[in-house]
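Letters A, B, C and D mark the chains in the order given here, with residues in each chain numbered from 1 onward.
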Amino acid sequence: MKHPFQTVALIGKYKSQEITGSLLRLGEFLVARGLSVVVDELTAEHLPAHPYRILPLDGMGGTVDLAIVLGGDGTMLNIARTLAPRGIPLVGVNQGRLGFLTDVSLDTMQQTLAAILDGQFVTDERLLLASRVLRDGVEVFQSLAFNEVVVHRGNLSNMIEFEVRIDGDYLYTQRADGLIVASPTGSTAYALSAGGAIIHPGLDVIELVPINPHTLSNRPIVVKSSAQIEILMHRSKTVRTHFDSHTEFYLELHDQLLVTRFPTPATLLHPVGHSYYRTLREKLLWNQTL
Amino acid sequence: MKHPFQTVALIGKYKSQEITGSLLRLGEFLVARGLSVVVDELTAEHLPAHPYRILPLDGMGGTVDLAIVLGGDGTMLNIARTLAPRGIPLVGVNQGRLGFLTDVSLDTMQQTLAAILDGQFVTDERLLLASRVLRDGVEVFQSLAFNEVVVHRGNLSNMIEFEVRIDGDYLYTQRADGLIVASPTGSTAYALSAGGAIIHPGLDVIELVPINPHTLSNRPIVVKSSAQIEILMHRSKTVRTHFDSHTEFYLELHDQLLVTRFPTPATLLHPVGHSYYRTLREKLLWNQTL
Amino acid sequence: MKHPFQTVALIGKYKSQEITGSLLRLGEFLVARGLSVVVDELTAEHLPAHPYRILPLDGMGGTVDLAIVLGGDGTMLNIARTLAPRGIPLVGVNQGRLGFLTDVSLDTMQQTLAAILDGQFVTDERLLLASRVLRDGVEVFQSLAFNEVVVHRGNLSNMIEFEVRIDGDYLYTQRADGLIVASPTGSTAYALSAGGAIIHPGLDVIELVPINPHTLSNRPIVVKSSAQIEILMHRSKTVRTHFDSHTEFYLELHDQLLVTRFPTPATLLHPVGHSYYRTLREKLLWNQTL
Amino acid sequence: MKHPFQTVALIGKYKSQEITGSLLRLGEFLVARGLSVVVDELTAEHLPAHPYRILPLDGMGGTVDLAIVLGGDGTMLNIARTLAPRGIPLVGVNQGRLGFLTDVSLDTMQQTLAAILDGQFVTDERLLLASRVLRDGVEVFQSLAFNEVVVHRGNLSNMIEFEVRIDGDYLYTQRADGLIVASPTGSTAYALSAGGAIIHPGLDVIELVPINPHTLSNRPIVVKSSAQIEILMHRSKTVRTHFDSHTEFYLELHDQLLVTRFPTPATLLHPVGHSYYRTLREKLLWNQTL
């Protein structure tokens, strides 16, 4: 992370024109601080008459020092998958209720960002998952995921059966609706609905959460993040796998799905005083009595 | 149920030739007792040179007094959906491990069936679920289910959102992978993997089990079987619904799926001394220590 | 239930003086309608200078036609255990957030009660649990419970081991922290925290919910309410059992705890338009997004 | 760990005479290999006429290079709490079914131990939990735990209420039966029954598992092992806390219970080829079909 920041990318939630005004105000604010502002191609389409340099998201590496993302957690996930491997730290600005990843409020955006630009921030490195599919030993697909990699029976009539190995060590063969391989960040997303434990996002671990397993003693299991997780399909013909509910791929019989930690983490910047646990309490309604 | 039984249907698991010998022996045994034996069309295909009358499954009503089904629980589910509405009681003979529905062992089949034919049996009435789909108020689909009716996102990328009403009374709108509407019989099938409670099969109730609900306080709920359960799709475009993993149908936006108890139960006959709880202990491995 | 009501008991939450004013206003309102008002001994202690007849709670049978209880669900549970066996219907008035059992708001109490007194109400019969403990075949304890009967290891260092029979049919021997035998009313109380399903309160069933069972395939099970549930202690010496968190008793080794439905239900009266599911949504925060 | 091992402690399950023969054979075997054998005081009581040096468990530090424990996982837990802080590695020999911690079978003990003594072993470091109780800021109790620290309402009639802080950062105030603070080793013990995730024992994390929480969205949470976990009692007067079901202490109102990782791990030695996942599959019956 290069600091002090000189070139800042402004990225708005795609297909939303509501934040155009916010983006423009933010751009002026950054320029007034003497910073160079860049926008990505899709954001640029929604910004009429702006003076900013346009770069494709995947071309920002080496140029952009910081990315400010306006949108919800879903937007942040999508942007982070592209920017994180390029070493660009991210700040998330949320229009509505604060999210797990987007914790700067639109209302107080300028003060908060001023502090962050002055170096007053907390760095939060988040593990990304790298996955690839081997067919007869040849890679036929690869994808990054921030939250989770999911194998699921989808439209199949029956539970799927698969075998899991951790660093080559046989874990189990199980029948289930599917399996979630979640990062700590993903532990509060789909994995939580499926009964997984919450993992503090600063931990270097990966959680495997079975989805409605046929064997009732099957439980979520947490393993070290450097492990290579191998999922091998039995029986079922075309099994849906998806990555952050964003990309999908259909596994054939005997395909191997390999998941491991991506070498570069995503780096989120938070305002000083940020509390993960406060977000957790608010999102899970722990502060409300039954 | 007409008793003493005079006409008995013999039904073998489709596409399995392993049980041909058992079926023939069973047929001879029944004939020797002076009973009239009937086989269904599919079973007949696998029985070379047999002397039995052939009837379609859905044409057995009024003729057949008892059906003996050779196969596993899955076979029994399929046959019961057709025969139960015609008032024909069923006995299940299992080749392998005993099932919840098929509790006569192939090994002791003749003694056990002799006793049942002599009137030594326990009657076990099981609720069936009747469902239909209304589109703009017009019925576009209907199906029976013995275990469960499932609404599920299938291959969709996101959780589905739906509204549930019980006898017109609003229960909730929820986002989830889906919802299981289970009979007591189905409570030990898919519903159990999804976290449902076990319901004694003699109870006249229906269980609704959410599948990985987004709202963590969502829980299985048990309602009276005479209730009409209405599931109304929000947002999602084509949502998969399936019935005993046997029949499927894709719901359009605003389709109403209605589920209620079918007027006629399925009648299973068990040997005297049958214990539901013993089956439960064996199937769920409660007799084994961790 | 005798209707129209002529004699009404007013019962306030014990040890709370905050509701004295409400009770007095309510008394005047009832007298103005020509009704005879009775108070119980404990309520009377907190009502200075009142003109009402005083009766012990357990002496109200045959005299009182309706009991109005001011307090929360806990108060209602306690009063109902005494009044329900005497056939006295109950209305619950809640000072704070509405409860499952107390759904008349203090603010609108007079209009709502006027309607109920005029016969505009919904009758809601709730199953009570009757339990007794046999030691060497002799009854050494008995208690009613509205919500649940709980067997729990309490201060013991290890899990307890016990055997359960349903109408004499062996269910299982299990090691666990304990077991909850819940009425449908109790299914939204402690049983829910322990992972039980929600049971509609109009159902005639009982739910058994294991508390942290050692065998992971152990699950809640719902049985018919007329069943006699027998819990037999193994090994452990003095095991705590409690009834609605109100009464407790310590079981010795080989004691039998028997639970069954009490012959007389508790009768709650609700305003017309009462919806159980609405209460459920509010109490479980189903109407709030994560 | 000092290797090659020269002085080996032999420790048998207390109060069991069944293993006396095994201990004596094992002693001879070790002496024949030229090793010095030590026994602890309690084991010595059950060994008639033995030639070994006797040392108290807590006096073995600096003398003993390796401890061989005969017994089950419970015995191993107890011994490890004393020996681990003294840097003595442990091998567990099990008479019955292999355990999570005791994975050398009595039957093949000599070959397996010969290999271990020859340096053919896998080292497995396990985190221990150190806890202490502060009353008005003064330490009034301290204890080590290998599996878990549990706060529980015990015989109290109502759920307890407590506040949890992680490194001073407020996590939540919750009402529940209690809370389990589990090491990775403990994640397959009591924490598993309470719904916790399985944590690979090589991970440097601590899991907090609520016991039957009143707020249904409360879930197990995994935090870093270097965190100081602070549990502060609200309301309740004397709350039971226990450590590996071995030691207990009663917390007063406002007592602070602090839990963190003990600086020295317990070191277990396993035969080469040891697989944690195999033990998991066997203990949780994952290899058996429903």
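Going forward, contacts are C-beta pairs under 8 Å (C-beta built on N, C-alpha and C of every residue); 3 or more make two chains touch, one makes a residue touch a chain.
The model shown is predicted, which means the values in this text are computed figures rather than measured ones.
The chain with its CA mean position farthest from that of chain D is B. More contacting C-beta pairs link the chains of A-D than the other of the two pairs B-D and A-D. Centre-to-centre separation between chain C and chain D, using Cα means, comes to 42 Å.
Distance between chain centres (mean CA atoms), chain B to chain D: 47 Å.
Centre-to-centre, using mean CA coordinates, chain A is 36 Å away from chain D. Each of the following residues of chain A touches two or more other chains: 192, 195, 214, 216-217, 219, 284-285, 288, 290. Interface of chain C with chain A (complex): residues 216-217, 219, 283-285, 288, 290.
Within the complex formed with chain B, the chain A residues making contact are 154-155, 157-159, 176-177, 190, 192-195, 211-214, 216, 240, 242, 245-246, 248, 284. In the complex of the two chains, the chain A residues touching chain D come out as 166, 169-172, 174, 192, 195-200, 202-203, 205, 207, 214-224, 275-278, 280-281, 284-286, 288-290.
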